[in-house]
Every structure is written in C-alpha cells, then in structure tokens.
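Here subunit A shows up in two complexes: once beside subunit B, once beside subunit C.
Entry: the complex of A and B
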C-alpha cells in the first residue's frame, strides 16, 4: 500500500504541469516520461499513459487518456507493436492531427535496431512482434541512442529551447555513460549466469550483462505454460546452477513461485520500468535496482 | 486510488460515440432482456458471445484474414449455430435449458483455450470479441450496428414481441454478436438483465419505457462519472446501471407493481 502510494505521488509529480512548459507530451510508458524529464526538465509537461504495475500490452480505456492525447504536441511511445492493442485506437479517438504521425509522433523503436526480429512471420512461433522484441528499455546503450533522437525531436518541435535541450542531452549523456561503466563493473560477476524468465521481456538485459536464458515460463511469448512445459522447466532449472527465475513487477507471481518452490531457485521481481519498485524513481534508479536485485539473488 | 476530479475527459467528442453505442445496444437488448428474464435463461448471452468468439478462432484456423468482413460472418455463423442448438435443446429438454446453456458456455470458453494453445494471436481476437472497449468505438463502426438494430427492432415490432423458440434465439444471436464487440460482455449482460430486472413487476408499455430510461441514464451517468473520476468506462457503467435500477425503485410506479410489494 505504501509502495502504491509513493508510486502515485511520483506519477503525480511527473504529470504536474509546470506553468511555463512550452510542449505538452504524452508518454505511453513511465521510462519515456523519465527520459523526457532528463532531457527537457520543466520545458515540457508530461502525461504518462501507463504505470509499471500494468501490462502495457493491454490497457483499460479511460476518457482521461483520450483527453491527454488530444491536447499533446508530442506522443512518445515504445513502438515495435508493443502498444498495438490500444495506441492506434487511442490516437484515432483523440483525433489530434499533430500526433497521428510525423514530428509529433515519436516511436522509440525507430531510433534503434531491435533484437529477435523474425525473419519470417509464423503464427506458430507465438505472440511475436514482427518488428522485433519491444522491451528494449533495459539496454542502456539503446536508451542513449533513443535519448539523442528524442532530444533532436524536442528541438525540432520547440526550436526556441534548442540550446536547453542540447545542454540537457549533453549533461544526461555524461552522467549516463559514467553510470553504464559503474553498472558494468558492478554486474561483472553476473556474466554467464543462467536465468529463467517469465515473458521474453529481458532479452536486452541478457545481452548487455551476458546473462544466459535457459528457459521461459511461457513456452511461446503470450502463451500460458502447459503442465508438460513446467515439468521440463524443473529439469532445466535443476540441471545447472540457475541464478534466478525473473519476472516483471506487474506479472502474476504464481507460476514463478511454483517453479521456485520446486527447484529452490530464487524467484526475483525486477522493476522492468521506472516505478516498478521503491528504488526505481528514475532511469538511474531503475538500472541500480535491477542490478542490485540480480546480485542479491547470486549471494 | 486518488479521488481527484478530472474534468478533461468530459468532452462530448470523447464520450459521444460511446454514449451512442450504449443507446444502440440498449435499443435491442432491453426488449430482448425482458424475454431472457421471463424464459429464465440469464446466462445465454455469455454462452452466445463465447460461441461467436469460438467461431472467429476457428475461422482463423482456416486462414480467414483477421481484419476482413469474413471474421464477422464467422462470428455470426457460429452464434447462429449455437442459437440453433439452444433452440433445439429448449424444445427437447426445456427443464434443463439453463444448465445446458451453462455447459455450452464452459465448452465454448475452454474450447477456445484449447484451440489457442497453438495460436496465441487468436487470443487478441478472442479478447476483442469479449471485452470490446466502449470508449474505442467510432461513429463509422456504429453504422452497421445501428442498421442491424433497426432491422431487429422492426422484426420484433412486426411480430408484436411474440418470438417463438428458433426466431428468438436467432435474433438474440445476431444482436449479441454485434453488441459484444462494441461494448464487451459485461456491459451486454448488464444491458440485458438490469433494466429488465428493475422493471420486472411492471406490465404493458410503461415497462419498456421505464427500462429504456433506466438503461439510458445508467450509460450516460457511467460515462460522465468515468471521465470525472478517471476510471475505466465499461466497468463503471455496469455499476451505474445497477445504481439507476436501484434508484428507480424509489419511483412508486416502478416499485408498487413489484410482486414482493403487493
């Protein structure tokens, strides 16, 4: 409850509109709201569409969401079909030509290359995204590339503040790059660790930190586990030294706890985005918390 | 949950299409609900909606394009087939109709799960069919629904409300297939049952008008409240429908005629 309250406070703080903000921005997910905060400070007013305790693949329609998109100058979302279940309808209902496409429509996926882009589309492979895995907020290098593209977009929309955006981007890049070095040193002992994941949300983190995914609770993305699959996972988890069974803060704990109880491998909850736990108050906290939690599972 | 009031969403261009969708659904569901209630087959809408969803998943199996009109045909065909089956069981075993409906519902729901075990993307269509979100409705989407509703209403009017087994089930199947995709299963259930239940003791034309008024007030107040309180619209409308039904009991003409009061 306390956690929820502080989360609500934090969201309220990010959503509070500074009086002299020159751009109104709608961010689909909290990580982009946090990045926008770093890049623009009080030059913009940010509304966030979802929270870390929500499955962003699907959200409930509320009138306020449509109102927020309607008044926005810029919409910042993940893209790569992550929000395909609701963003197209939301944009259509808001009928705001500024953000339907073009400069007012920023999809982070377009600033980077995604992993797991299927070479051919096959329904049998599961709930796969044809544009690749969209959970790339957990790669700090891609985050930096997105920051650069987003900063340029802000300057394009609000030329009067270009100098501010450039200065803030420079400042963020410096702090972020030194944080990456710090995280990489700290997470070095995790290299080669084996993890079992709930949903394929961690591929970028795995690549960055050199974690090895030896299994997933969902046999295919978006498909609930069958009993045969769970039985084989017990064998997989016990076969080697498995570090953790990883799930995101919003996911139901049942299946990962079930596997943890039967194998003794700890179930670890990672924030996945800003606001996913008490420590993840911004992007820096998000990565600090993620690495701390994985390290404490290793002890 | 913070109880901060939010006036931004209170915009006719945001709430208008949703409100109209609600009125279109109510137009057919209020008279049909009366029949559902008197036949004592309360959960038939859930069963028919599930069967329609099953039809879509099966159509997927045979490669019907997900955006095409074929999906609607598949949904309607499955719903009509299910309705035919229920009309037959109604004639054959009338005393077991309600448990048969329940059984058909769980069979259709779990059948979808079994089929989807190998086709996760069908899951999105299943969800679209069952939890249609009233706020995402657009005016252009409402045109076919409105035309079909006019036809169904005209038909019911011509028959003077006397709908025999197969006719009733067929009309019902078509109405449900459309309305579920617009507003979702919870609202369809509430639109059918709540106004009919609230006016159960009334007779004649007054009953229909009272039921329509309760339904319309429920939708309108639910949409306004969901904007002001910043809550999901569909779920809140279910509650305002129930609240309006309860409030209506304060009106003597509605309450007095209840059997419990006489």
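Entry: the complex of A and C
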C-alpha cells in the first residue's frame, strides 16, 4: 500500500513538472541537475538519472532511464567516459536523434581540461579513463567554466529565453565567485594536509585546496580494496600527520573504517555530489559541506 | 623609607595633569592631529591592501578559469601530436573481443543425449565434453555517418575439432529517424523475449535455458528488417515488428518467398522506488516453414512472455542485489512432419508444446555472484515427437568476477532429459572481454 502510494506520488510529481518549461533535460548526475537549476530555473524540466548514493561508473541501462532520454531535448552528462558502461546504450535504445549527438548532447568534460590523463592505456592499470579523471565537479573553477558553456547551450536550444539564461548565468557567476573566495579563506588551514582516499575521486579538490593524497584504498582505480593492500596503508597513514581517510557517500564504509580503527586517522564521508548528505542540497551546499567536514576532521 | 617613596609617587601622579595643563596644551593638540593623520594613513593603506588582495583573487580566479576552460583537444595536441599514419585509423570502429573457454564433465555422453518430446535443433544440444573454446566473438561497431550506425559480430567456435567462423550479426541501424523510431536491416538477433536479443556473454549462466534450446535452437538470428518504436511516456514502452528470411530454426527453407518469419514484440519497464527496476514483454513469432531442422512444414507460431525484476540496495546493481527472471514459451504447430532422413515418411503435426524457466541471481558483492535456475519443457502427447515425459533441469552457478572484464564461472546442472537418463554436468568457464568497453542492455 505504501509502495503504491509512493508510486502515485512519484507519478504526480512528474506530472507536476512546470507546465511552461520550454526544454526537457536529462542530467546523468545530480551535480548537473543542480547546475541546470541554477542556470535555468523553471524554464526547463530536469530529470536526473542517478543519485549521490550510486556509483555512476556502474549504472544499469534501466528502462526508466531509456524512457527519460526518449523525451529529452538535451542530455547533460559528465563525459570523459564516466558513463561509458550505460549512456551509449540509453542513447541507442531511446531512439531520440535530438540528443544522440550535436546540440542536444552536452558533455561537461568537453568544456574543460581534465587532470590525470594517462600516458599509457592498459586495463592492467585498473579502470583507466583515456580522457582523464572525470570527477571534476569538485573544482569550483571548472564548474564555473562548465556553467558558461552550458548556459550558452541552453540559449542555443531555446533562443526565446536567452535573456533569462544570460541573466541567471550572471547571477550565478557572481554568487559562485564570492562563494569561492569564502571557501578559499575558510579552507586555508587545510593547505598541505595529507589525505588517504578510497577512489581517485578527489584529484580536483586536492589541487584546489592544496591537499596531498598519500594513498588510495583501491589498489588500482576501480579495483575493490584488498586486505593486503589495506594493511600496507597502515604504515602510510601513521607515517605523517594524516588528516583523514576520505570516501564518497556511495562507497562501502568497511575499508575506510577498518583503516581508521587501526591508525586513529578519522574516516570522513564527503558527499561528492549534490544529495550526498543533508547539507548538500545544491552546489553551494555541496562545497560548504565538503569543506566543513574536512575542517572538522582537522580539529 | 617605603612610605616616603609611596608618597612621592602619589604626589607625582596627582601633579602630572597639572604639569600638562600648565606646560604644553599646544604640543598635545599637535600630537593628536598627528595621530589622526597616521590613523587615516593606515586606513588608506589597509583599503589599498584589501583592494590589491581582491584584484589578486580575481586574477587568480580568472587564471584558474582559463586553465580549466582550455578545450581538451588543444591539450591533446600540445601533449603529443598524433603521427600521420595513426590519423588514417582514427575512424576505426570500436573493437571488442570476447574470449571464452570451458571445461564440461557430463555423466551422459553428449553424443547419446536425447530429449523426450524435443529434437535437438540449432545449437540447442548439450555442451561439448571436455575442454572447449566455446564461442568466442569479435565485434566491430561505429556510427557510419550522421544517419546510420553499424555493427558486425563474428563468432569463432569449434565443432568436433573443426574451427568454424560465422557471421553472428551484421546490421545497420538508423540514428536519425524522428519520433522514437529505429529501423534496422541486416542479420541480427530477433528482439522477441528477453534473452534472445542478448549476446551469450552477458548471460548469467553458462548455457541458455531449455526453452530457448528447444524452441529457438538456442537463439533466433536471421537476415531481416526490424522497425522499433519507443513511446514518449514516463513508463518505458517499446513496440516493434520484424520480418526475417526464415533460414534458421524455428523456421527453415526461407519459405514464403524469402520472407518467412514475422514477429511482433512489446516491452514495458520502469522503476519502483530507487531500488527496484522491472522489464516485461510479450512477443510472437510466426513462420511459414519449409523443411525445418525438426522436419516441420507449415505454419508455426511461438508466443513468449518475459518478466525481469531487479532489486539492489540504493540501485547499485554491481555491488549487491537480486535479479529474478522468468520466461514462458508456447509453441503452436499447424502443418506436417516430413522425416528429414526419409521424406516418404509424412504425418500431420498439429499441436502445442510449452516451456518455461525461472532464474534467480544473487549478487553478493562486486566480485561474487550465485544463482539458481529451474527449466521445464512440456511435451506434446501426440504428433511426431509424442512424449508423456516432460524434461526438466536444475542448475546452480557461482561466478567470480575479477573485474568488469573477466570472470570465472562454476556451474552444476542436473538435466532429466528423458525417462531413463539424467545428465549431471559440471562446467568451469572463463569469459573475458577486451578492447572497447561495451555498454550492456538492462
């Protein structure tokens, strides 16, 4: 009964999408849904394909997602092969030429440069992304660059609302730039701190805040932590003053807790995307929460 | 002594203002002015510093933004200019290779295997005994131009020591039709049922269900044309139809002027909450058959109903959860049986046979998966393959997945194929995928 009720609620919620929205947008990840919300407000209706509690490397090409892509005017995804295991299948099965390529297909990775581009491609090195590390949502500067490109794309698809998109981009840029200043001042004490990460999801955050990654729980990207590898990290964690063992909200807590118990280094869960914790209701909350959680680990 | 010192100090303290008032009122005024100007000076300097800091921050932000916004292509060009010969291959299709191998131990020799009520057709028999390459395949896929996508899958197998190379799929598909339509032409696996359109390397068990073996010769693929439409609804709804030449089982002889097989299919699917997804379908395959492998001539119709339900905590299907699937087949014949060995032996074949399977797969974690499958076939008590015995099979599997690209599978099956034989099979299989990262269907 409860299930039925929640189903009815969901249906009602979809039906209640803003009637005057001129574009239907499918966002692969919550951070892009949130950015779209900032840039377009009720001018668009956004469907988001995944949640902060899901591993976006490993999504199934579910029928519900095919149905969403089928009706979209624009697909906004990370790109850089993050969604390689499912997005191509969604695009092919949805049979929607508007979003297969061209204007209706926005890959955020194409608006920025990525870090950690491998010089050698070999799957023996784990889950290698030939186009570089795709977890760039944790760099506010890249986010701003993507916002500009995405806003231009919205205006291209929906010329009638160009003024609205421009005005909203200006507004977002102002708020975002002053937020960056605030975050940089606040996070200044973190500069030089050492962290151990679960997966290489934090390279952009590390670069921005001057954190030093001294180890990863995954022996190779995408390969689940092994007991031998974890044991070898005990010494690494104890060798210097390690700030935290960082994992994303969707990741299994076992490995980081195990290491935390043996080394006294706090295990910290960071949201990684919008919705990853109670505070991360939007992009601003995402960065506020991330910095707050790192600072509280430093105390 | 102490007292006098204290008195002196008190005197000095009291008299000090008197001295001041008396001596240098103007000096103090001057000092006050000087302090004020110094303060103003300091304030101006502080403001300047703050402005400089702001400007610095803004510049830094701009630099970071510029750095971030550098298009990827530019960076790639700067890093390593591609050699000229590589450019000629830059448009090579995505190549993916499936390598597969197995060892099977059968308690009943596959050569003397017999299934009551159901002749062995296509590739629908038991697996080869001992070590076998199984079926390995090479697949090429790419967009052809702005309107078409193309895919070629070549299967490499061996049959009794003879290497066989066959074209499994070779088709083009439109990418630009409007309103949710897709047209496909060439050789491909029909979209009827659930498993039929899936390549064997995405299966959770080593072999196909008995119903697929008995009614479709393992998997129905043929030369044909497909039209598919996805509805613009919240619920996933897909409808389609196909026309095939009718060369392979359950058809045969490319009857009806080379367009012997027609199919219809409909699939629906969606989510229930964040953790459950489902897909259901009904399909029909109608064939005008000439000299099929089982000796059938006439009109046969196959109906398939399928249901898949997946549950995973938080919707993370690769880290845990349960997949349940069942398919039901009804095979209706209206024609004649002409003995493939002795064409003079002819008898009527009008009858219905059924089959079904149900499987449950438990994903334990990223690396392990276990499953159980129950198969059942219902034979016809009349007709050329009359039988009172209904074959059934139980299978258990355990799979270790090293990564997305490699797995080892152990499977035990107990196949009661006829009243007197039960084939106990133990199979160890490896399966790997190299090259392009495939995106699999739900």
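We adopt the following convention: the second predicted complex is superposed on the first by the 281 of 299 C-alpha atoms of A that agree within 3 Å, B and C clash if a C-alpha of one lies under 4 Å from a C-alpha of the other, contacts with A are read in each partner's own complex, and residues count from 1 in each chain.
In this text, a contact is a pair of C-beta atoms (placed from the backbone, for glycine too) under 8 Å apart; a residue touches a chain by one contact, two chains touch by 3 or more.
Because the structure is predicted, anything quoted here is derived from the model rather than measured.
Overlap between subunit B and subunit C is detected when the two structures are superposed via subunit A.
More subunit A residues lie in contact with C than with the other chain of the pair subunit B and subunit C. In the superposed model, A:85 makes contact with both subunit B and subunit C. Legend: residue contacts after superposition of the two complexes on their common chain; A:226 is shown touching subunit B, with no touch to subunit C. Judged by the touch definition given at the top, the superposed model places A:250 against subunit C, while subunit B stays out of reach.
Of the two partner chains placed by the overlay, only subunit C lies in contact with A:142; subunit B stays clear of it. Of the two partner chains placed by the overlay, only subunit C lies in contact with A:111; subunit B stays clear of it. Residue contacts after overlaying the shared chain place A:97 against subunit C, while subunit B stays out of touching range.
Residues 58, 60-64, 66-67, 70-71, 85-86, 89, 92-93, 95, 123, 127, 222-223 of subunit A lie at the contact with subunit B in one complex and at the contact with subunit C in the other.
Contact residues on subunit A toward subunit C in their complex (touch as defined above): 3, 6-7, 11, 14, 50-51, 53-55, 58-64, 66-67, 70-71, 81, 84-89, 92-97, 100-101, 109-114, 117, 123, 127, 131-132, 139, 141-142, 144-145, 148-149, 177, 180-181, 184, 222-224, 250, 252.
Against subunit A, in their complex, subunit B makes its touches with residues 2, 6, 8-11, 13-15, 17, 116-121, 123-124, 127, 133-136, 138, 223, 226-227, 230-235.
Residue ranges of subunit A in contact with subunit B, taken from their complex: 8, 12, 58, 60-64, 66-68, 70-71, 85-86, 89-90, 92-93, 95, 123-124, 126-127, 220-223, 226. On the side of subunit C, the complex with subunit A involves touching residues 57-58, 61, 64-65, 67-72, 75, 79, 146, 149, 173, 175-178, 180-182, 228-238, 267-274, 277-279, 310, 314-319, 365-367, 403-405, 434, 437-442.
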